[in-house]
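In order of appearance the chains are A, B, C, D and E, and numbering begins at 1 in each one.
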Amino acid sequence: MLTDLATIDSLFYLAATVAVIASLKVVTGSNTVHALLYLVVSLLAVAVCFYLMGAPFAAGLEVIVYAGAILVLFVFAVLMFGLGKDETINAPKSKSVANMFGAMLLAFALLLELTVIINNAQIQQTLQANVVSSKAVGIMLYGPYLLAVEIASFLLLAGLLAGYHYAKPDVQGSQL
Amino acid sequence: MTLTFIMLALLFAGALAWFSENRWQGCAKWLALIVLALLATVFTIFVISHDQPFDNLQVLTRVSWIQTFNIEYSIALDQLSIVLITLTWLLAIICVLVSWQEIKQKAGFYYFNLLATIAGIIGVFVAVDMFLFFFFWEVMLLPMTAIIAIWGHEKRHFAALKFFIFTQVSSLFMLVAIIATGYFHLLVTGELSFHYLDWLALDMPLSLTQYLMLGFFIAFAVKLPSVPVHSWLPDAHTQAPTAGSVLLAGVLLKTGAYGLIRFVIFLFPQASMQFAPIAATLAVISIVYGAKMAFAQQDFKRLVAYSSISHMGFVMLALFAFNSIAFQGAIITMIAHGLSSAALFSMAGMIYLRIHSRNLTDMGGFWQSAPRMGGFALAFAGAAFGLPGLANFIGEFFSLVGVFQVMPTFAIIAALGLIGSAIYGMVLFQSSFQGTAKQEILDLSHRELLICSSLFLMLLVIGLYPNLLLNFSFGV
Amino acid sequence: MLTTAHSQASLNIEIISVILPQLIIAFGIALALLLVAWKRSQRTIALFTGAVMLIALVANVSLLTIQPTAVTQLLKVDSYSAFAFSLVLISALVSLHMSHQFLKAHIEVHDEYYLLLMLLVLGAGILVTSNHFASLFLGFELLSISLVGLVGYHRESNFSVESGFKYLILSATASSFMLLGIAFIYSVTGNMSFDANVPNEIYHQQDLRLFFEMGILLFISGIAFKLSIAPFHFWTPDVYQGAPTPVTLLMATISKVAMFVVLVKCVVAQNYLLYDNVQLLLMILAVASMLMGNILALKQQNLKRLIGYSSIAHMGYLLIVVIVLSGESLSFTWQSVLFYLSAYVVANLSIFMVMAAIQSQCSSKVGQLLQYKEELLLSDLRGLFWRIPSHALLVILAVLSLAGIPLTMGFIGKFYILSQATIAHAWWLIVTLVIGSGIGLAYYLPIIFTLFEKEDCTELQANKRPIIEHFLVYSFIIIGLLLGIFPDVVSQFIVSNPM
Amino acid sequence: MTTIPLFHVLVLSSLLFAIGFIGVVARKNTLFILMSLEVMLNAVGVAFIGAGSAWQQADGQVMFILILTLAAAEVAVGLALLIRMQKKYRSLDIDLLNEMRG
Amino acid sequence: MLLASLPFYPLVSFLLLILFAKRLSWRLASAISVGAMALTALVSGLLVFELSNSSSHFISVDLWHWFSLSSQQRMAEVNVSFYLDGLSAVMISVVSGVGFLIHLFAAAYMKDDANFSRFMAYMNLFIVAMLILVLADNLVLLYLGWEGVGLCSFLLIGFWYQEQANVLAARKAFIVTRIGDTSMAIGLFWLFSSFGELNITAVSELIRGVGSSEIGFSLQESTDIYWIALLLLGGAVGKSAQLPLQTWLPDAMAGPTPVSALIHAATMVTAGVYLIARMHSVFLFAPEVMNYVAWLGAITLLLAGLAALAQTDIKRVLAYSTMSQIGYMMLALGAGAWSAGVFHLMTHAFFKALLFLTAGAVILALHHQQNIFKMGGLLKRLPFESALFVVGLICLMALPGTSGFFSKEAIIAELWLSTTAGPALWWCAIIGALLTSIYSCRLFFLAFLGNERFTEKLHIEKASLMRSALLILALLSLFGGLISLDLSEVFFKIKAEELISVNEPSWLHTIAIATPFVGILFSWFYFKNYRVDSNLEDGVKTNLTASEHRFAIFCRNGLGFDSLYDVLLIKPYQLLAKLNRRDFIDQTMMSTAWYVGLWHDVMTMIQNGNLRWYLAAFGLAIMTLIGVSIL
């Protein structure tokens, strides 16, 4: 019954809805860590969308790099420097129970969706047909976009240097 | 090449004056004076010894300058420019003389600016490539603005700013018109050209020229100045140091009239003729309004400044009458006003030097202690209100006679300006030199006497023997 | 299954030589990292950076007359981009000199500063040569991120965090918008190269066209943000003020040049102007910039803010060229843009050079260290002319150039713009330009007047200045005058090549 | 071809983008602003992936990867700045940063 | 050559005096100026002699070519050249002769003034300008002289410039005459544009040529001539202090008395008369304007006479009387009695100069007391001056035998039958004569008879220079009428002379001759108090109070013209000037700057440094732009 309804379209819309709701929660949340977790949910939902759109490589990257690396960076920052404690007075208030419930609901929806996809052969088939394979992406990356990759590395270097400069401790006795 | 040499020499001498002043105090003015006299002589010899007559424009130099736009460094002379350049030389020397005592701070840089302005003005009168013309047009503004802004009176920055913005904004319209004409030339002949003589040969439709003409007209009307864009002038003249006012009133305003003649009327005769009623109306308003405003002023220099507006109105009216008599009148008025307003401003400077005020209410009864000064003041005021026998009368008479043949009503209203000029002339002279003596002042020194008497003599000579100027045809 | 036929990029010697300057910079960055590992010295790294840039500049000279050459599908080098990159490199060199003056007094070694500077230059180098949205985006980001690092570089400054944050967040937002725009464009056209033909069907499909136009709009607003074109200009004065002076210079010159060149490239290649809406959009932006920039700059006392506002207006003027662009006069358009940009760059370099000199001179010494003078007010220029005429002369020339007065390059630049606009009969734009210039004079001239005011402080003395500064000042005076009087010297480098 | 219309993907992307932008504008906490920026970038990624899959090209995904890089760099700088701000102002209220004006 | 040199003697003197103003002693300065004037008088005498003996009726000389005006029709040469014919001969004789005498007088009169040389210099300059005016062969040169005398008049009225009142009087004189001058200038423009000529003889010939043709001139030209004549009349009216531009003359009495004698009685004020006489050919072809001339003359004659009746200042009485006498001349000109008008001009110059100078001597003796109510009984104290004054007065009243009688009778005789004038104007002239004799008697009785009403000791100067000048003038006044003027060569008649004596009533002459006596008789009784003055204090008081009714004040203040002009012209002009002192156009221009500044303030408020606002603005801008592009 559930599987009948589960076409690629409907799954996509569901994931999209989850992403939107989760993003809304990110934006409106008051607790930093909660918001970050909602962000993870949103990213996961988007990853599902990617997957459904035939970009499994991108979906994987989304989960690994985005949700995995970047958000962890956030979490580290929040936890290490105690940023979570600083809440602006005007942040919207919400009940934590409702938050928990909502987060659970969204995560659950995503889980459900994933299982449906994995278990539904028809969907898998359709997806296979449409996929832009990671191989193609790789060829592109190291073919025409080779320079772009190089430049992206410099971009990361720039981010690194700037971040280092801002974050490094003050030199003792120095005005600058 | 001689003219180019003269202009470069002026700049060079200016720089020299600037630097040498640091070493030998007080040498800049001598240097400026000597250089001006020398170069004026060079110019005279050049003009006299030139083989071709200057009835028509004689192109002297024509060198390619900016190839991207086919812009040339091209200068030419004709009688009109010769006359105006001669006036420039005269007033330049007067300027140095009136600054003799007045400018003590940063004298070196001052004379640099003065000489640079003069170089720019000469450039304006000789340039025939329109880009070059515009170039000089702006270049002469810069040192002039500096003179106002650095050595001016209490509100100098405001005045300099106003002066600069008015002229600059209006000249941008001219620039657009120049570019448009240049590209129209490209459209017609397939070659971009900013050369005046090329443009003269160009046949342009009236629908186009009326806009182009307007672009030029705006710039020149501001410079002239004509009501309602005159409002920079009183401030600039009032706040400028004496030499600045002399140069402004004496020569800079003439560049506006020169532009009207050379570029508006000769380049776009039809469009100008069509525009003549409006221009003449503006001119008449300038005459009457200027005279009326001059009467209301309390400030000596401001009064003279407004009288300049009135006088230059005569020039514009005469030019837009399209009548040869009026045209001659316009040119004589230009010269005459150049001399007489320069004289009045010098007078203002001399008074300012003595009593440190330009306010008429602070003056009065100076005739008692300074009779020579009073006599000259009266003579110059007389020139300003068109006393026959002095140059201004010839100018106004020719202008009005000419205008009357074409536009009687305008001439009659403009003649009311004569009454107005008598009124402000009387106010000017009487409240400064007559009445009870408010304080004693020194009479003219020898240098000042030289300034006043030379100016007066020139006014008188032109007034009694105008053929000096009238013998020129000015390309009519 | 549609796959675009990407020609396999072959990075042969010829192509490498074409992007040699960029490569030199990139290589220089890598080497600099090694250098840091070997020896941390202010002097060494500064000299090294300077050398890298000089070599890149030399390498770039030969490219000035090059035929358009594609380097993979991402980059395309032509004479225009080479010219623009030369401008970038020159400004970077001047900025380097200023930065060195600014940093050398400190004990701490600021390798990252120089690295970021090189990264910035690299980003600009990529931008000016980019021929693809991807490279555009990367260059854009490289520029932005390096700038974010540099803007807040002076960490002791009160404004460090503020300006850094402002620039980071706004620039990130702007780039997001731009990316969204690119995504929309891409989703309609299916190709991200500038050379791609925009399919004809989008004229007929309403929804697609809507997305396409919105894409262009978002894309342009992203670029407009970087160019600080009104109404996306809000960050400009604040960040200009907060950033260290050499960095402000970078923002005023490099980022403007690079962004504008890429904007023109993109608009030219993709023929966006075929859409009336785009033209209207650009027109609104241009008019708003010309007016708002000039009006906001009035009565401004802080010099850097003033320059910031004036840059808004200048970009507005320059935008006119893009609006009236037409296929026939493409090379003329390029000439106008590049000439105006070089005039703009020279003027900004001149002003900032003097500003930096004043700042370093007016800084007070606290112990061994210099307390850098942060706020540079108009009144700090007072009487400069009588104390150091050369510096003041440079400022005068620069200000006149910005105001577009003859004798200076700025005037020729304005002449180009007016020529373009006149040919295209864009009278309303011309009127706006004239009004804008008029308002502009009301704040440019007071700067000059201030220079001439009677001196009251004698802090800055001519003889104390380093020789290289004098050399730079005099050479810029000469350059400014020479190029203002003989603009052909510059324009002959901006040769037209068949695209 | 996927069955999901490109139009819908773009709408989703715009929606996410709008949410992110609203977050950037509305939130006063700097951390939330950075998070919202991530949401925006992510939304752009959705659009690229959608377009790429609609055209069946790998370019979309390549762009997504590049955006990912950008996001990483941005977050690095942003968090570093955040830490400086925390140190200096003892607060993450973005409205404190308005010393420069006029 | 003699003619050419004429104005140069005073000019050289002027230059000498002005250049070495302070260094010259009184003796030297007066020698130079008076000597120059003597030379001028001598030369003009020679010239007149030469003219009367020469065959042609004019002498002319070209000095140099001034300029030429080219119009469509012809090239008008305007030269600095002099032209002497009968009319100008009369004028130069008057100017140089009377001028010389007045110089002589002035040298003594102004002896103690600190600025004596300057004064004499101005006087000389005035003579230069006046000679140029009368000798000019073209209208532009005439205009030069015209303005020149105006300037000198201005200078001399304001000679004692420390007094604010004198300054104002000078200004008033200059500006009011300038109004007339402007009208004349417009007339010149008009003349040139219709005839293409500015030379006086050439213009006359052109006009006569037009007029003599059988059909007459076209309508266009006739209106042109009408306007030209009217505008020239404007000039004449201004200079000659006729209605409506007469208000400056009484105030002009602020100048030293020789000035009043020379400029404001004998010469300059008659320039208007000269102009009309000179341009009579124009006026002849504009009969309406001739009519106006006559009427203006008549009205001025009456009103000025009326005003003279109420004056308290001796010089103002004389000033009004001058006005009224010039009214006679105008009346004559308007009636076509050219010769009579010019004749009266000449005789008037003699006796009015005499009157003024004598009055000056009296004033000097009374320490600059000019109020006739503070005089009285001078006949006994100053018999010589009083006698001369009486001579002047009887000439003024035109008692038979005096010069005034001959000239005035000549005018009155021609009025009745004149084509333009007529009985009405004749009656005006008669009433005018009556008024003249009344105010003359009033003046005489009040100042010279009765008791002394002054307390200071008289300052009696017996300078022989002064006295001799006065004496010669008195002789001229008495016997000047015997000079016969033959100006028939000069004046052109439009039609053949008709016999005039046919229809004239016989009683006309009787009345004309009798009128002054009636006036004297009337005054004898009416101003009895003044004459007898039995009770000094009361008499003055009662008379003063009696005459202080409104009408008298009204008359004394120049019949309200001054206040009328004040309200109509001066006040509005001043108000306008005051209101707009700051130039509303400038204000408008500057308000643009203010407006831009306002925008700046508004925009600066937007630039508030708030990051979130910047972001919102970013979004807002994009929304707006999307909105615009969708619409």
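Simple rule for what comes next: a contact is a pair of C-beta atoms (placed from the backbone, for glycine too) under 8 Å apart; a residue touches a chain by one contact, two chains touch by 3 or more.
Predicted model, so just to flag it, every value in this text is computed and none were measured.
Among all the other chains, which ones are in touch with both chain D and chain E?
Expected: C.
Contact counts by the stated rule: is the higher one at C-D or A-D?
Of the two interfaces, C-D and A-D, more C-beta pairs touch across A-D.
Using mean CA coordinates as chain centres, what's the chain C-chain E distance in Å?
78
Can you work out the whole-Å distance between the CA centroids of chain B and chain E?
Once rounded, the distance between the two centres reads 38 Å.
When the C-alpha atoms of chain B and chain D are each averaged to a single point, how far apart are the two points in Å?
About 64 Å, centre to centre.
What whole-Å value do you get for the distance between chain A and chain C if each is reduced to the mean of its CA atoms?
Centre separation, chain A to chain C: 35 Å.
Would you pick out the residues of chain B that each touch at least 2 other chains?
Not one residue of chain B touches more than one other chain, so the list is empty.
Would you pick out the residues of chain E that each touch at least 2 other chains?
Within chain E, residues 604, 607, 609, 611, 615 contact more than one other chain.
Residue numbers in chain C touching 2 or more other chains?
As it turns out, chain C has residues touching two or more other chains at 3, 134, 138, 141, 145, 148-149, 152, 155, 164-166, 169, 173, 237-238, 442.
Every pair of chains that touch: which are they?
Between chains, contact exists in these pairs: A-C, A-D, B-C, B-E, C-D, C-E, D-E.
Which chain A residues qualify as touching chain D in the complex?
Residues 7-9, 12-13, 16, 19-20, 23-24, 26-27, 29, 32, 35-36, 39, 42-43, 46, 49-50, 52-55, 57-58, 61-62, 65-66, 69-71, 73-74, 77-78, 81-83, 86-88, 90-91, 126, 130, 132, 136-137, 139-141, 145, 148, 152, 155-156, 158-160, 162-167.
Touching chain E in the complex: which residues of chain D?
Per the stated touch rule, the residues are 21, 24-26, 28, 94-95, 97-102.
For the complex, which residues does chain E have touching chain C?
593, 596-597, 599-600, 603-604, 606-607, 609, 611, 613-615, 617-618, 620-622, 624-626, 628-630
Under the touch definition given earlier, write down the residues of chain C that touch chain B in their complex.
Within the complex, chain C contacts chain B at residues 335, 386, 400, 403, 405-407, 411-412, 415, 418-419, 422-423, 430, 433-435, 437-438, 441-442, 445-446, 448-449, 452, 486-488, 491.
Quick one: which bits of chain B touch chain C in the complex? Just the residue numbers, please.
Touch list, chain B to chain C: 65-69, 106, 131, 134-135, 138-139, 141-142, 145-146, 149-150, 157, 160-161, 164-165, 168-169, 172-173, 175-176, 179-180, 183.
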